[in-house]
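Each structure below is given as structure tokens.
Each of the next two complexes has chain A plus one other chain: chain B in the first, chain C in the second.
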Partner chain A sequence: MKFLRLVWSNLTRKKVRTTLTIGSFVVALFLFGLLVTIRGAFSGGVDVAAADRLSVINKTSLILPLPISYRERITGIEGVRGITFASWFGGVYQDERNFFPQFAVEPQSWLDVYPDYVVPEAEKQAFLADRQAALVGRALAKRFGFEVGDRIPLQGTIWPGTWEFNVAGIYDGSRPDVDTSTFLFRHDLLEETRQFGKGTVGWYVVRLDDPDDAVRVSAAIDEKFANSPYETLTQTEQAFAASFAKQMGNIELLVLVIGSVVFFTLLLVAGNTMAIAVRERTGELAVLKTVGYSDRAVLGLVLAEAVLIAGQGGLIGLLLAKLMTLGGDPTGGMLATFYLGWDSIALGFLLTLVVGTAAGLLPAVAAMRLRVVDALRRV
Partner chain B sequence: MAVPLVYNVRSVRQRWVSSVVAVLGIAGTVGVFVAMLAMARGFRATMVSSGAPENAIVRRAGADSEMVSSVPIDAVRVIESAAGVRREDGRPMVSAEVVVVAAFPLAATGTDANVQVRGVSARALEVRRGVRVVEGRFLEPGLAELVVGRNAARTYVGLELGSVVRFGGGDWKVVGVFDAGSSAFDSEVWCDATVLSEVYKRPTNVFQSVTARLTSPAELTRFKDELTSDPRLSVQVDRETDYYDKQSRMLTNLIRTLGFLVAAIMAIGAVFGALNTMYSAVAERSREIATLRAMGFSGGVVIVSFVVEALLISLVGGLLGCLVVLPLNGFTTGTINWQTFSHLAFAFKVTPDLLLAGVAFALLMGLVGGVPPAVRAARLPVAVALREL
Partner chain C sequence: MVRVDGGGNGTSLIRVRDLDKRYVRGSEEIHVLQGLNLDVEAGDFVAFMGPSGSGKTTLLNLLGGLDVPSSGSITVAGDEITALSGAKLTAWRARHVGFIFQMYNLLPVLTAFQNVELPLLLTRLSTAQRRAHVETALALVGLQDRMNHYPRQLSGGQEQRVAIARAIVTDPTFLLCDEPTGDLDRRSADEIMALLEELVNEHGKTALMVTHDPRAAERAHAVLHLDKGALVEATGGRG
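So, the complex of A and B:
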């Protein structure tokens, strides 16, 4: 600790260079935060999906419906704790560009199966009481300024006409990475008003008593409807979300490649700067050794400098990234979740320290090995 | 006085480690920038080339994609007799189609992807002249036969010529492979519209979209006006190219927004790298600079010479970045088209203008990173610098 002042004076000696090096770390870690966030948004709920939920879709295709009668038949299967269903609505709010997902859901059972959606009790009751009621996610409400009591018209694309909804409540996620960009309304309204497709639902969501039971229950459900006109495909919510994410293309690889390019470059920049800094101070380091500093102390001094630069830059960069994600999705609602977790920040900081140490190691070892006589003579 | 350019080139070579660092920083940034734009461009090109300017696509009013549209057969008859529709041997060049999505495993990962299956009428090939059968033959109306797009045959398991696949509760025989000129159709599977409706238990005689080939692209307005003012119909009419352009916009914008964002941040990092390299170059060479000044080179010349040095580094970086990305051209990847929930293969398109933009971007970074150190170099007090080590 007593050397901290010495390290600090060394850092402030060439202010421009130190600032630039710190700046490189700020930028790199900001980018790291951003890439992690984008990756999370693209893998769209894979991490969020609960292990104790199954999604049941039409085996032929996701866009084909299932009969409403399946509800009773699935409920009877052992190990099923709860079941709910939903249909994709595909309405347009004002303009096609204002895309957000809308689901017609069965209110009570939906909120039972998805405890991740947190709704104040009064708003929940309002949703249950009014047929035209809708629940709006926090992110969506923020995007369009929806408030409780608003009347929202949606232009139907599958079921034509103008559909009007009353915002009964705004839901939050129980965790920050829950998607709150969706619009939920009541399935009974859809069923009553639509001209075709009556008696069907888009898909079922089953909640299990025990997550370990997923394989058996999935098989039991699919078996029950095998060879019927509406065969089912049951998979865990995670597998369902992952199959979508996979089709998006290999975003993860892309993120990894960019991330590696940046870190590699960063390592070079920082290592290079450190090397220059040490080279310039060869004489001083020799003097330090002459007055009795051990080899190890000199090594420590140079390393401490490197880690201090990296740590400062990394911390600022990560916090900036966090700040930006708090500001919301920059693409205007195309990324469902835009969230940077504290665990990712911790990982980023750890990476920074590793990179900082690695960058400082070469010049530090060179400084340690420095022979006083040679160094002093060089001047 | 002439700018001592040889001096700059040599000093870049002399201090190659820090030059390489700056070059790599800029190359990485340019590479990412060009790659992202090439991806957006490739996706858009695939979508837009699906449409033909003389074709019009008719959907139910309010339906933003074929997937959610429906057009009954009596409406199809009205459309067939509309003005502007091209006729050959007295038959209108119109294809009423049904579009569904079926799950096929991806050859690359083994996981299911949603493949767009298009039920077409017998005249589909005459309406879409960009599509031609390259292997086998076209399907026979009324039979459970498939012709698959070139990309689909490659990308998904079980769609080889001659094989039998089961989906939607029916067995289908693959009788042909078609080439649609790298458009979105190349990722599709085509079959007979009526058979598809039966197998999928859709209402018979209801289609999802009607594509009509017009006598000329200019006929669209007349065709559109006639259909939209017809009280028997409730439809919307778009030029096919516009329809696909609109479908590509969402994903293209997403890729571009993210691409610009990431590239901008990386650019700041690269500029920091360039600044650092140039500042330390100036610091290490203060004596040389002072010597130049003492020999009579003016401050302006020193500025120009250092800026040129920075530009040289960034040019090499920019070229390197472009070179690394160049092999991506034609690299085929797949993604979901969110408008139709179906998987779509497309190829990166690295075009000369993108490469040019990449190099320009690199030079801009070099300029921003080179000017402040150059100014400092010119301001060095000659006497003090000469006396320094």
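So, the complex of A and C:
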């Protein structure tokens, strides 16, 4: 700590240059924060998917249905703790631009299988009691100002007509990264009202007794319905969410490429700045060595300077990104889980320190190898 | 008593024997110091004079452990520094040598106090102990009221005083001064030389100084000339 003042004083030597270098870290890490948030939002449930849940879809395509009779047959398989199902509704609220996902679900089993959805008991009971009831996620409610008791009309696109729902409750996520932009209503209402597709569901979600049993149970489900008109594809919820996200394109790769370019550029900028800073101070570094600072101490001082620049800029950039994401999804529904977790901030900060160290390494080694006699001659 | 004939009686603080320093520049070998001998007692004040390129600064660098000789030995207070290298030599330097340069070589981003404190940061002294040492050193050079000034806010003479305070703050075994008055006007130079004299005569320091200035050299106990790589005792000085 006693050397911190020395390191800090060196940073104040060229204030404009130091500010600009810190600024480049601010911009880069702000961008990193946003990229990670967008990646997280696109991969949606991939990161938050539970390990003990399986998704069962039609083997031919996700958009093709499965018979409702499969429920009983899947329940009978050993290792299955619970099962629920859902169907995509695809309704429009007032305007097509107001997109948000709507699922018809089997109320009780859905809430059993998804403990991540937190609903006050009274609102849960209201959802179970009213066939026109709907559960609205907190983010969605905030977006459109929905409140408990509101009546929401949706224009059906798959099943035509105006469908009206009563908001029975608003659910929160048990963690900040749980998607709360969804609109859930009761499958029995859909089943009763729709003109076609009766007796089918969009997909099943199976909860396992033991997450380690996923491979065996998946195989058992698919085997049971092999060679039937409705063959199944069973995969972990994570794999399901990943394949769903890939429909949007390879966001992961895009983020990786942009992120790498940003960090590499940062490395060059910071490395160059540190090299100039060390060259300018050759004489002073020689004086430090003369009065007894070892080669290692000089190496440490230069590295500490680089890391301090990087650390400050990185922290500011990441906190700015965090601040921006606190406002929630800026796209109005495209990026439902627009959330920058503290773990991502910690990762970003770690990367910042690595880049700072790497940027300072060559100049620091040059300072370490400086021969006092030669350097003093140049003063 | 300073001797250059290699006949010291073994009680010398600094003992140099058969010191050689050669440089190779391209195909040419330059023999800067040749078989140099020197004995300096504790409390001596020695001035080295000689034309530019005669090897004065090279000798000073060797005595301060900043450079290594081609052959020969240097022993200071019983430690043969020519047998030390790397971190050990650096640690020895921190403990035993106070350097004073012609251009002061203060760090412009640090105050006078912080510049003087620099060598103490390497010690195990507490903050309060460091503060006491720095204040004492600055008081000794008459700058206790300038300790929060930056080098740019000080005159050349005051900067050199800060440099002297930095050199003495660790209470080193001896001081090495490379043209300490070379960049100062006559009045400031006299003041600096008076200060060095005071350090030697009243505080018992040992000082070795390279200078081109005969007036500065007059203050020393002994004046030695470097000629063709060897030391010759000159007349003058107050010894």
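As a working rule, the second predicted complex is superposed on the first by the 375 of 379 C-alpha atoms of A that agree within 3 Å, B and C clash if a C-alpha of one lies under 4 Å from a C-alpha of the other, contacts with A are read in each partner's own complex, and residues count from 1 in each chain.
One rule holds in what follows: a residue touches a chain if its C-beta (ideal position, glycine included) is under 8 Å from a C-beta of that chain, and two chains touch if they have at least 3 such contacts.
Predicted model only: the values in this text are computed from it and were never measured.
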Any idea whether chain B or chain C touches more of chain A?
-> B
Is A:L266 touching the first partner chain B, the second partner chain C, both, or neither of them?
-> first
Which partner does A:G156 contact after superposing on A: first (chain B), second (chain C), both, neither?
-> first
Between chain B (first) and chain C (second), which does A:S9 come into contact with in this model arrangement: first, second, both, or neither?
-> second
Return first, second, both or neither, reflecting whether A:K289 touches chain B, chain C, both chains, or no partner chain.
-> second
Should A:Q195 be classified as contacting the first partner (chain B), the second (chain C), both, or neither?
-> neither
Which residues would you name on chain A as touching chain B in one complex and chain C in the other?
-> 379
Chain A to chain C touching residues, read off their complex = 2-3, 5-6, 9-10, 12-13, 283-284, 287-297, 372-373, 376, 379
Within their complex, chain C touches chain A through residues 61, 64, 66-67, 86-87, 90-91, 93-95, 99, 101, 103, 105, 107-110, 114, 118-119, 121-122, 127, 166
Within their complex, chain A touches chain B through residues 14, 16-17, 20-21, 23-24, 27-28, 30-31, 34-35, 38, 60-64, 90, 92, 96, 99, 155-158, 160, 229, 231, 233, 242-244, 246-250, 258, 261-262, 264-266, 268-269, 272-273, 275-276, 280, 330-331, 334-335, 379
Sites on chain B touched by chain A in the complex | 17-18, 20-21, 24-25, 28, 31-32, 60-65, 67-68, 100-103, 106, 109, 111-114, 167-169, 200-201, 234, 246, 250, 253-254, 257-258, 261-262, 265-266, 268-270, 272-273, 275-277, 279-280, 283-284, 333-336, 341, 343, 389
